[in-house]
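In structure tokens below, several structures.
Shared between the two complexes below is chain A, which has chain B as its partner in the first and chain C in the second.
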Partner chain A sequence: MSSIPFSAQLINLFAAAILLLGFAMLAQRRNLALVNLFAFQGLCLCLATLTTAISTGQTHLFYSAGLTLALKVVALPWILYRLVRQLNVGGEAEALINIPTTMLVGIVLVMIAFNVALPISELSQTITRGTLGIALAVVMLAFLMMITRQKAISQVVGFLSMENGLFLAATSATYGMPMVVELGIALDVLVGMIILGVFFFQIRDQFDSLDIRHMEKLKDN
Partner chain B sequence: MISVSGLIGQVFAIALALLLAPLLAGWVGQCRAWLQSRSAPPLLLPYYMLHKLFNKDVVLAHGASSLFRAAPFIIFGCMVLACAIVPTLSTDLPFAPAADALALVGVFGLARIFIALAGMDVGTSFGTLGGRREMLVGFLAEPALLMVFFTLAMIAQSTSLPTIVETLAHRELVIYPSLAFAGVAFTFVSLAENARVPVDNPATHLELTMIHEAMILEYSGRHLALIEWAASLKLYAYSCLGLALFFPWGIAPGDDFLALVAAIPLLVLKLAIGGFLLAGIETVNAKMRIFRAPEFLGTAFMLAVLGLLVRLLLEARV
Partner chain C sequence: MDFFVLMLAIPLVSGALLTVVGERDWAPNINVLASLGTFLAAAGLTVEIVANGPRFAFGEQFFIDSLNVFFVTLTAFVGLTTSIFSGPYMRNERDHGRLSKPRLRLYKSMYQLFMFTMLAALTTNNLGILWVAMEAATLTTVLLVSLYRTPASLEAAWKYFILCGVGIAQALFGTVLLYFAAERVLGATGNALLWTHLVGVKAQLEPAIMALAFIFLLVGYGTKVGLAPLHNWLPDAHAEGPTPVSAVLSGLLLNVALYAILRCKVLADGALPEGYAGNLMIGFGLFTLLVAAFFLSRQKDVKRMFAYSSIEHMGLITFAFGMGGPIANFAGLLHMTMHSLTKSAIFFAVGHASQKTGTQLIENISGLIRINPLIGWGLMLGTLAILGMPPFGVFASEFMILTHAMRHYPWAIPILLLALGVAFASIFGKVQPMVFGQTTARRLPHAPAITPVFLHLGIVLMLGLWIPPYLTRWFHEAARMLG
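What follows is the complex of A and B.
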């Protein structure tokens, strides 16, 4: 154990917290709490990136940490809050499969992700290589959440959480993507969020509900 | 190899457990009352209760078998053994080889089976109902508890509780993310096992919700006193286990008598803080429906498995 430096331990801790929050989101029934958990996940991601930046001295990681803080801890949760308030959907979010089953599937996914990531992370030389498995697991859990939820809001939170996982993967494997790419993705997510917000209102106007099962009835007449 | 100082420490630890356990229960009750802005019962209420009950005559139901009479003593014995195994003050415990962490789960299981059987023995509907619910909670909580112990055993390379605590207490500062998962899972399991609020309410006698109380409705006199004492011992054992595993600082390394004495106020302080937090958890949470309990304990199991996986992924490379 003593061979792992302290900063790597901190990063591992934050990565574990991100995974834990991913599971908490999977288990969460209420939309408003879901947004809270997403904000916390963003905060953990920001702290993990910041620790990596300090321990490796990579300047562009400081920018990405700042970007994460501004976008995923402040801006996106704030937009989501407003949406939840305006749409009045703070209450129960329906899940297709019951929660304990979802969690068991989630554990299996984590095992798969860890096993897949182990040989890949052996190749990597970064101090954060251990967290690659966690990043993959977070991506898969977010996928699972998008599959099992019916309401549009929780699907969007799942999508954003997946982006968190990808960001963690990029940081852990190669100390982050080039700044241009990162800025581009950040802008994409922000614009996507705004567009999806508009979509929510359209969906609700059309069907009086955010349940996307209604969209299966759409036909070209 | 049993040393004299070890034996003294062991006897002292058991005596302290027997004395402190009702106090801990009283403290939790008092904190609960404060937090819910009710006027608090006296801190020593559990002692008065025990004194009162020991002086009362036992009333036995007509259909009660010898099992009904033996069960309180078996349950009490199990809990005393559990308190003897858990390292509360020092890690030099001559009794500890009697049962490692896995056998400790078995000791709790034995007590659970007897209290459920005793509840069913008299044949009242409440006792049967309580026994069934207790077994439902128990069979969900046990695997989660075992998983927590597996995680710790992997860190310490041993399932013996003193060795685990020794490894955790006297090490250089290393952050184990897996311990965080295991700690949360252990908290969930302790709440369920000790009939605390999200799963059961220790203060209720409402027939729809009670679990623990339903099983012991038919007991009276010294039998009830023993069961109440055993319940507080169980809470004490779980609290000490949690403190020893996740906050092990201050537990004496063994033959050091001075450290043993110094460990007592620290233990009392840690228990007081733990009891206050427990009361806080009980205040901010509502009791959940019995059919939500599998979800609650399923979460605990999942967290414990995650701890194990995180341990394998992040910390296994030495």
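What follows is the complex of A and C.
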């Protein structure tokens, strides 16, 4: 193991933290704590990108890390905090069915993700290539979270966590996408979040709750 | 002034302008004027491309060739007619108290921004920006789907946002993989996502990565096309949003998403063994066609039924492009045009019909022809056209797809015929009593805009009987580009 440079070990550490936080989100029942976990995941993503930037000297990765810090550690969690406060759903607990089962499904998904990513990461020459499997696993865990959750807020956190996984994938496979694309993606995510904020209030006014179980009326019959 | 810059600037500027003045009584005219300006600019651009061949804009960031200029014209045209239709339609909605003035402002402003994002998605050369524009198109329409703020429309918009969000996230992963494959050949420059650069080196792209990338791109953008099994958002969004939004979603957004898949397919075809990408598309296409056809018969809501019909046609078009080759591609492009024009015409007629009867439930709508013969005939002819009756253009393209399939994929013929037959029986059986019989409709203060309906149907009829030679040439060139 001594052949792996220190920076790569650091990146792997952060990536592992991102994955663990993905599992933590899957098990977390309270909205406010979920937002905290999301902010931590963003921070780990930012640190991983920063370490990659320092060890490879890719300047645009510094911008990318800054963007992650501004958007995913500060702006989005702040918007989410405000939403949770104003909608008064911070302590609301999600009636999750059987966390252990969800976790087991999550583990299976991680194994699938590693198997899918293995042949591709072997082709990559980046020092971060080992994390591609982790990135795909984070995407899949976020996907699982969106499927199993019934509160609008937790679905959105799942969606944003998926975005985190995709950013990690971009960094680990190719040292990040071209700057113009990353800026565009960031803009989309931010605008999407603002629209969702508006949307939450509309949903609450209409249903008196953010539980999407109320929203299963539209069916084919 | 450059036509291309005008075409992108007009919707963007007027979208911003309408956020300020959108509540005025003359704001709908601005909406129509802006759409007319966009259409004229697009037409100018088309003439330029047809005369001078492909061109770049803003460095190499935008690229217009015979393939996308064809979609650009179609998008701008349907955008124009839909804005004409939405004038009286939205006035009636306002008079009924279903929409307040601020929401009408939101509608007009978002409509223009939606046009902008679609035109940007069609003309961009950068596959990353294509993704950004597609996502932006979703964002602009989410608030339009929930415009009525009814529980059902909020549910539809939520489903639309989450499902398309998940789908588009898959497409982003596909784009990351594509960039990864490209970077190994082109180097880590900003050029590695430019389609024109990629297409030059497509044979050198690493097959293992491209195979995975194409699956993610197909599933991701396929969600927006409405390919089964990720089509669930589509009927809800179409049924619960205002009718002009249903018309542009069905007529335009689905096309733009399919266009994104086609661009990626060209790259995948170059890198992968022959038939890989095509077979995937054939599989998804046939499955979608079947699923949609069988859901059609169970629908009670008229807009929902025609939304399923859109899914069905998208499945057929995906199947056609999956077969590939000049003839099937030609048929696919022709069918996309026909479907856009016909389906938006149907939605215009359905919109007026449901306003006149105050319901979208099929069983409560009848005798349209008595109160307004033009709307009744518009709906009837539109339905016959979309079901593939000659002499309308849909017949021509469906016939081409079927004969091509018979020659190269004979096993698919029973599936195709079964799906088309089931679709015919369910739609025709439901539309016929809506048009004829005792009437349930009443007159409304604002006369409906009939012109767009018959303009679209007229073009579809003309293209069924006679395709002008320059149009054929143009289609052929676009079909050849797709390989």
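In this text, the second predicted complex is superposed on the first by the 212 of 221 C-alpha atoms of A that agree within 3 Å, B and C clash if a C-alpha of one lies under 4 Å from a C-alpha of the other, contacts with A are read in each partner's own complex, and residues count from 1 in each chain.
To be clear about the criterion, a contact is a pair of C-beta atoms (placed from the backbone, for glycine too) under 8 Å apart; a residue touches a chain by one contact, two chains touch by 3 or more.
Worth saying up front: this structure is predicted, and the values here are computed from it rather than measured.
When both complexes are superposed on chain A, chain B and chain C sit side by side without a clash. Of the two partner chains, chain C is the only one touched by A:Met146; chain B is not. Looking at the shared chain after the overlay, A:Val181 reaches chain C, while chain B stays out of its contact range. In the superposition on chain A, A:Phe159 makes contact with chain C only, not with chain B. In the superposed model, the vertex angle chain B-chain A-chain C (Cα centres) comes to 150 degrees (nearest 10).
Of the two partner chains, neither chain B nor chain C is touched by A:Val74.
Using the contact criterion defined above for the overlaid structures, shared-chain residue A:Gly130 touches chain B, although it does not reach chain C. When both complexes are overlaid on chain A, the residue A:Val116 reaches chain C alone and has no touch with chain B.
Counting the residues of chain A that each partner touches, chain B and chain C differ, and the larger count belongs to C. By the touch criterion stated above, A:Val108 is placed in contact with neither chain B nor chain C. Between chain B and chain C, the shortest distance over C-alpha atoms in the superposed arrangement works out to 19 Å.
Touched by chain B in one complex and by chain C in the other is not one residue of chain A. Residue ranges on chain A touching chain B, taken from their complex, read 1-4, 6, 9-10, 12-13, 15-17, 19-20, 23, 27, 99-100, 103-104, 106-107, 110-111, 114, 117-118, 130-131, 133-134.
Residues 172, 174-175, 177-178, 180-181, 184, 294-295, 298-299, 302-303, 305-306, 309-310, 312-315, 317-318 of chain B are the ones touching chain A in the complex.
By the touch criterion given at the top, residues 126, 128-129, 131-132, 135-136, 139, 142-143, 146, 149-152, 154-159, 161-162, 165-166, 169, 172-173, 175-177, 179-180, 183-184, 188-190, 192-193, 206, 208-209, 212, 235-236, 239-240, 295, 298-300, 304 of chain C touch chain A in their complex. Residues of chain A touching chain C in their complex: 116, 119-120, 123-124, 136, 139, 143, 146, 152, 155, 159, 162-163, 166, 169-170, 173-175, 177-181, 184-185, 187-188, 191-192, 195-196, 198-199, 202-203, 205-207, 212, 214-218, 220-221.
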